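Reading through the structure tokens given below for one structure.
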Amino acid sequence: MSNLSKSKYRGFEADRSKYPVEEEGKPVIDLESHKFTKIWQGPQHPGVTGNMAVELIINGDEIVDAKAHMGYLHRSFEKLMERRRYIQCFPIVCRICVPEPDTNEYCVSAAMEDLAGITVPEKAMWLRTLNLEMSRVGSFLMWIGGQAGSLGMGAISQWTVGMRDYWLDLFEEMTGGRVYHMYMIPGGVRKNLPDGFKDRARRLIVKTRRLMQDIDNTFLSNAIIKSRLQGLGVISPEMVDEYGIVGPNARASGREYDIRMNNPYVCYDNLDIKMITATEGDAYARAQVRYRELNQSLDLVAQILDRIPEEGAIQAEMPNLLHWKIPQGQTYVKAESTRGEHGFYMVSDGSEKPRRVFARGASYTHAISVLEKLAVNVSVSDLAGLMVSLHTCPPEIER
Amino acid sequence: MEQLIRKIKGMVHLKAYRKQRDDLYFITVEKAQLEMILSHLKKNEGFTHLAFLQAVDFIEDSRFQLTYMLYNYETGVNLGVLVLIDRDKPEMNSIHKLWAHGWQYQRELHELYGIDFPGSPRVHESFVLEGWEEMPPMRRDFDTLEYSERTFFQRPGRSTNDPKEYMKEKMYKNYAASPRIRRDDE
Amino acid sequence: MTMTVALYTVISVTVATVYGLTLGGIVRKLYARVHGRFGPPVWQPFLDIIQTHGRRVSVSHGRMFYLGPVFRLAGGLGTYLFIPVIFGSAVFSNFSMSGDLLLVMYFIFFGQLGMALGAGQGGHPYSPMGIARGLSQMSAFEVPFSLAVIAVAIQYHSLNITSIVAAQQGGFMNWTLFTNPLAVIAAMISILGMNMHAPFSIVMAPQEIPIGPPIEMNGSFLSILQTNRGLFAAAKLVLFMNLFFGGATNIIEMIVKTFFIYMFSVFVGAAYPRFRPEQSFRFFLKWPALIGVLSIAYIVYLGGAS
Amino acid sequence: MKLKDVLSPLRVWERAAKKPMTIKDPINDRPGATNYRGFHKNDFSKCIGCGTCEEICQNAAIDLVPVEGQETVEGDSGLRPMIDYGRCCWCALCVDVCPTGALTMSNDYTWIADNPEDYRFVPGADKTKWQESEKGYTRSPDIQIIDYDRVDMQELEPEERDKSFIEIVKGYNKEQAIKEAERCLECGLCIATCPAHMDIPGYIAAIRDDDIDNALRILYETNPMPEICGRICTHKCETACALHNNGDPLAIRWLKRYIVDQVPADKYSEILGTDHLEDEVLNRKVAIIGAGPAGLSAAYYLAIMGYKTKVYEALPGPGGMARYGIPEYRLPYDQIDKDINYIRSLGVEIQFNTRVGTDITLEELHSSYDAVFAGTGLHLGRSTRVPGADNKRVYFATDLLREVTLGNEIDVAKNIVVIGGGNVAMDITRTLARLQNQKYGKVQILTTCLETEDIMPADVEEIVEAREEKAVIDPGWGPKEIEIRDGKVYGLHVVKCLSVFDENGRFSPKFDEDQKKFFKADMVVESIGQGMDLSYLSEGIKSDLKFSPRGRIEVDDSFQSSLQWLFVGGDIIQGPDVIHGIANGYIAAKGIDTYLNAE
Amino acid sequence: MNKKHIDDIEKQMKLANEGLPECERCLFSDDRPSSVEAFNKYYEGFLNWARSRSLWMLAFGTGCGATELRPLMTSRFDMARFGIFPRPTPRQASVFVVGGYASIKTIKRIIRSYEQMQGPKYVIALGSCTINGGMYYDSYNTINRLDYYIPVDVYIAGCMPRPEALIAGFNRLKEKIRAGECEGMNEYTEKFDWYKENQKQIIKDWNMPDYNW
């Protein structure tokens, strides 16, 4: 497989000749031959990210074939939104992605605003930017913990998830919710910043930077981490287009695609922000890209805190949202989540309820097509690490 | 972008064209010409990224609208290619050869909308549902609340009052109903 | 006389088990400290044993399934029973008069093998995977360990542990640690694998093969395994103390020494993720094995010289 | 593999020396943030049971249930939200939407139960440990889920209007009306308050959907005079409006006006389905005394039920007080005619200039009709009876207003004082101000009343507009004496009024005799209420009729008096205002129908 | 689809494992468990004391609620000090924390995992979704009340409940265990037919992919 030949994968390099013929790039597997074992990882398995399952055919420790199974978290948000008024949509969309709910909130509000032609006041824009960037910090922190945890280094997950909790405290102060913030409503945001928030946020940034230093020392400069992640799950630049790969996964393969810069939304065009890329395309490069993006996000939060205007409206002039009707039309609004392009496609038919809402989660391809391709020839022990390094989030796949 | 639209107009029958934002356009094309236009956009016009493929149920017109959302990295423009297909016999050509993740969306659409994509790998496999026996649930005529009430056990004992009716009951119960108009033609 | 020995042994085994379990509790506390939290109480392992034992139902998967934990406990007990715990103590010398280093090493292996038989019966694919990993890793770390043991045996001209301890008495400069540092290095690396802390925690690896071999073990089966974990840990530590760190003449010395030997695993374990299985095997077969060989060469050369 | 990479991870142990992150006692050490969305609280002193929370809850978590101790009164349904924590998602939309700000959230978040049925409670009624908690989520004043700001009504500028009797209020255009209609919460609290119990949310929803025909049909269900109501209704419904608690109430009156303004008069019968009325199929006749709102309302419903009705009116034009008591700038005559002409087009006959009692007796009516409805209204002015009130330059407001409508010239003085704080007082003030303006080119009129400004019965906008028209309003004074010099009015002496009502809410003004004031005037107008003129009742009838202690005719629920054939309604029974009259007429019509069918 | 529909009607209320030998039946969750009596009062009391101090939680993140389990397990809240540990296999776990909504596909695995757990076993249900459907009350793919499918000991209100609320919930569970009130295991055995009937009503496809997950 091309994937294998390009990679610097140092595991047991399997001899493909012992496998039966391949058809359409997939080996034909005879389970009766007792050469292969079929195992399921997940949904009840600590190594899978969230509630999903991977059906594996293994030979020894090596994965021969992988199939991702979804639907354990399917709640059909899109169907439910078709039954709900526009204003009733925003509390439910944040449930689409648990670690980073704000991107959903932003997208669904922005889609409605785009369709209804509403301009959000500047201060609300800044508060949205702050919220989005803070949620990126939280999500990345959780991801680092996940990546270290999936390789068996519990200490780092303990630190980062603990640190994320401090960020959740900030969220709680700012929005009134710990995990589901439900902060952005169509037209603006729900609350002003509480007193003293900026100082507390700045102190937390310093604290987080200190932790990032420790993580650099113990995680990124860890011989065993390097030996396991380097060469694992290599995404080639050709694959990026072919599979619709986005976010840090694409950037680690050299694709300069970050919606915050390519199609700036909220206040990102006013911020000092640089594209972060790498060229190796393996799990370690992805970890590095994410680590640097986390640092950048901390930087951005600091910048935003300095620039939020003190005065100003936080919500545009809105009609009675209880009976809000949006004129006919369709739109696609996207934002950069920690996993990549997160978008909402909304079709309105002029009634009080949306005709169709579709949430495009970045993990949609990452966790199915890409994972199924990259998992082949990988050791079972690396599967968890690989899944985390793709940063998959099942609820946004099946919605 | 205008140039591109003109170019596309020269190539295929463009049924509709709309600009939503500076970085978002929609074009509606014929079902038969879709594959051609998609591969042209991908190979020659730089629309290499397929963000998603989704369906919208326009039950009143008995149509499904398929939306292929493309993205051009160079110009930063999203282009939604729309196709209307028949709702009674929903079938569409597969794009799994153009994009390696196309089959995923097609599998989802087959399960949730009942749209068939002949030739798409694993299209008949179940995606999120298991043991589903009703009509494809994302269709507009499937009533999810009714299904939920029928299938899952609701906790009983809830009742609500309409303030309007309740106040009438309490305050002006005997207030006469509006008289019927006596008409000749009845 | 036999009655006394039996009584002493019972006391010794009990103390060792309690000690091993407490040590486990302390180690959890230490890890927790690194994690930035408080951690479970030190006596948590005991509660866990009572709790697992108190399960009303234990699902079995056939006769061999029963034998797994029994073999495992036998392995632990066997290892422990033939090691003198405290040099010169009647209560804590166990059956060290009979049996020798080879028997002990056999018992170290024996438990794992028995476990393999039992867990394999469980039917869960993760059990055999865990067993395969466990046995392979054991074979791998046995190499440097055996080499170190051979070096020790050559050095002291004995396989009898009591005499090896006796030879190290009279000042800490007589410890193998200082008389044959290479062997100790090789052995200490192999104890990392033996204790199955990171980076060699591949057997239980929750994220990969959820806790591996004992995945199907439940109830009393599990409580036996847990008891054994305390006893076996104590046995291994005492063995290492005896072979490389001059043994102990009283219980305080024993506790201090074994604690620090264990701490070595903990110290390394907190800092690293786990290896991939094949990385782990290769690791032991490379540098530690080489050091082991060198230690033999060193002792042969040195032994020849002295 | 670099040596640095092997050694540097061991620095994890640095963290072991640091203070753990762990919270010692999470349950007690960590209350939710000040702003936290915890469990619900409800302030029953504010809650009006409008059910908007139920409406917006996307989880169907809220039920409205009756709660002990909460009475159903006007503007409060007496229902309270019961929240199902088996549904709630703590999005706080219900808090944000609550129009009164009664529903809030505490920062409490722990609730453990063994029984899932426990998770249903009425915040505020059921004892919870968080009801008294001070922290928690409340609606930010900076955001609006519902629209608290009324769409401004366009009016003539004071300069344009203060000389003429052109209608001041321009009315909503379509866009404004739809925008205003969208503000409606559809709670329906207003329906109970409206004397006619009109389906207000119904016609507002119809406006929103731009279905004017349906809106008109809803209006005519209980109110055949929407043009009149749409302009001069006392809109008690707006005081009951849920939005009123935190912002401007919905402009229900203007919306009603908007509906009827959209429909041309000739479309009415088609839309309302009265184009093919059955003709006298019942062969029963009803006489109606007074072509005011009550009488015409009764006539309309009797007509559509198939009765033959005839209205006897003393004055030369129809409309009663609506025409003769309300100045034209508030209610143009052509709009009155629009409503009334439609009623007349259904076969209702009006005989003008016929005063029952003098031109025709009630007994005569009784003998020639099957039933009689009397809606004669309050046309007599009431006097303050202070010294000097009997001077000829002391007028009653009702008389003056009638004269204006009849087109008779009024001898407007240069300097006028009006006594009274109701809408009629404002009407006469503003009418006289216009006349003064026309005659002298300047306004010199002062209005005083017992009530202080905050409890003045007149509508606020009336007071504001009167001031805009340069009238002086000086409330809070009790008239003491009208000083007469040389037989002419010289002015009004007033003393400070401390309170108008006693503890029981009865009228019993208290004065501070030391604070005095004198208003100079050449003419005084009294507008402190009206009285009824029951002179048309002959002694025989009067002795058969039952009267209440306060001198009103006693009627039952369907406005039937103790004389079975006589139904009485309108201002002489309830009110005084137009909507009560309409409602009484409607019910009386139904009552007459029942009475006649029972015979 | 029509053909499929007819087939499915024929399949209705019939388990995929019907006709299989007894030993293989358990793979399809149709094996009747037997109830086990408590030991004598004092010994059981002692065991309950130990059980309440050593709760092994099944690490199965079934829904949103699982997100708050992570802070709970890690340094900020550190549930280990309360004697609560995650356990990756149902065979060894004693507490099942059902984290909120359960889709049809997941409830099948929940039932399976629950049946694999060795008694005495306890269930904590998190959030609105397990009580009365929560915000997904009208979804066609999520259950409304968990107590119809497995016995539940403690409910925690919230969407999702905070870690502190979870700790309070665990405290309540401990109280109940010490008081000997957690007999969900025997309850499930006694009402097995009722539970199965409810389960069958929603889970139409009983075929389990393979032995393990």
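Going by the order they are written in, the chains are A, B, C, D and E; count residues from 1 in each one.
The definition used in the following text is that contacts are C-beta pairs under 8 Å (C-beta built on N, C-alpha and C of every residue); 3 or more make two chains touch, one makes a residue touch a chain.
Values in this document were obtained by computation on a predicted structure and should not be read as measured data.
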{"item": "Chains touching both subunit A and subunit C", "value": "D, E"}
{"item": "Of D-E and A-D, pair with higher C-beta contact tally", "value": "A-D"}
{"item": "Central chain (distance from its CA mean to the mean of all protein CA atoms)", "value": "A"}
{"item": "Geometric centre distance via CA averages, subunit B-subunit A, whole Å", "value": "25"}
{"item": "Gap in Å, rounded to a whole number, between the CA centres of subunit C and subunit B", "value": "62"}
{"item": "Centre-to-centre distance between subunit E and subunit C (centres being mean Cα positions), rounded to whole Å", "value": "37"}
{"item": "Subunit C: positions in contact with at least two other chains", "value": "32, 34-38, 125-126, 206, 210, 270-272"}
{"item": "Per-residue multi-chain contacts in subunit B, two or more chains", "value": "128-130, 137, 142, 144-145, 155"}
{"item": "Subunit D: positions in contact with at least two other chains", "value": "9, 11-12, 15, 20-22, 32, 58, 84, 86, 89-90, 116"}
{"item": "Pairs of chains, among all present, that meet the touch criterion", "value": "A-B, A-C, A-D, A-E, B-D, B-E, C-D, C-E, D-E"}
{"item": "List of subunit C residues in touch with subunit E within their complex", "value": "28, 32, 35-41, 44, 47-48, 50-52, 54-59, 123-126, 206, 210-211, 214-219, 222"}
{"item": "Contacting residues of subunit D [partner subunit E, same complex]", "value": "20-23, 26-27, 30, 32, 39, 58-61, 84-90, 109-116, 119"}
{"item": "List of subunit A residues in touch with subunit E within their complex", "value": "38-46, 50-51, 53, 55, 71-76, 79-80, 83, 91-92, 95, 98-99, 142, 145, 157-159, 161-162, 164-166, 168, 178-180, 395"}
{"item": "Complex contact set, residues of subunit A against subunit B", "value": "24, 70-71, 74, 76, 78-80, 82-83, 114, 239, 241-244, 246, 255-257, 262-263, 329-332, 334, 341, 343, 345, 347, 355-356, 358, 360, 364-365, 368-370, 373, 398"}
{"item": "Contact set on subunit E toward subunit C in their complex", "value": "36, 38, 46-47, 50-51, 53-54, 56, 74-76, 78, 80-81, 83, 85, 87-89, 91-92, 94, 118-120, 185, 211-212"}
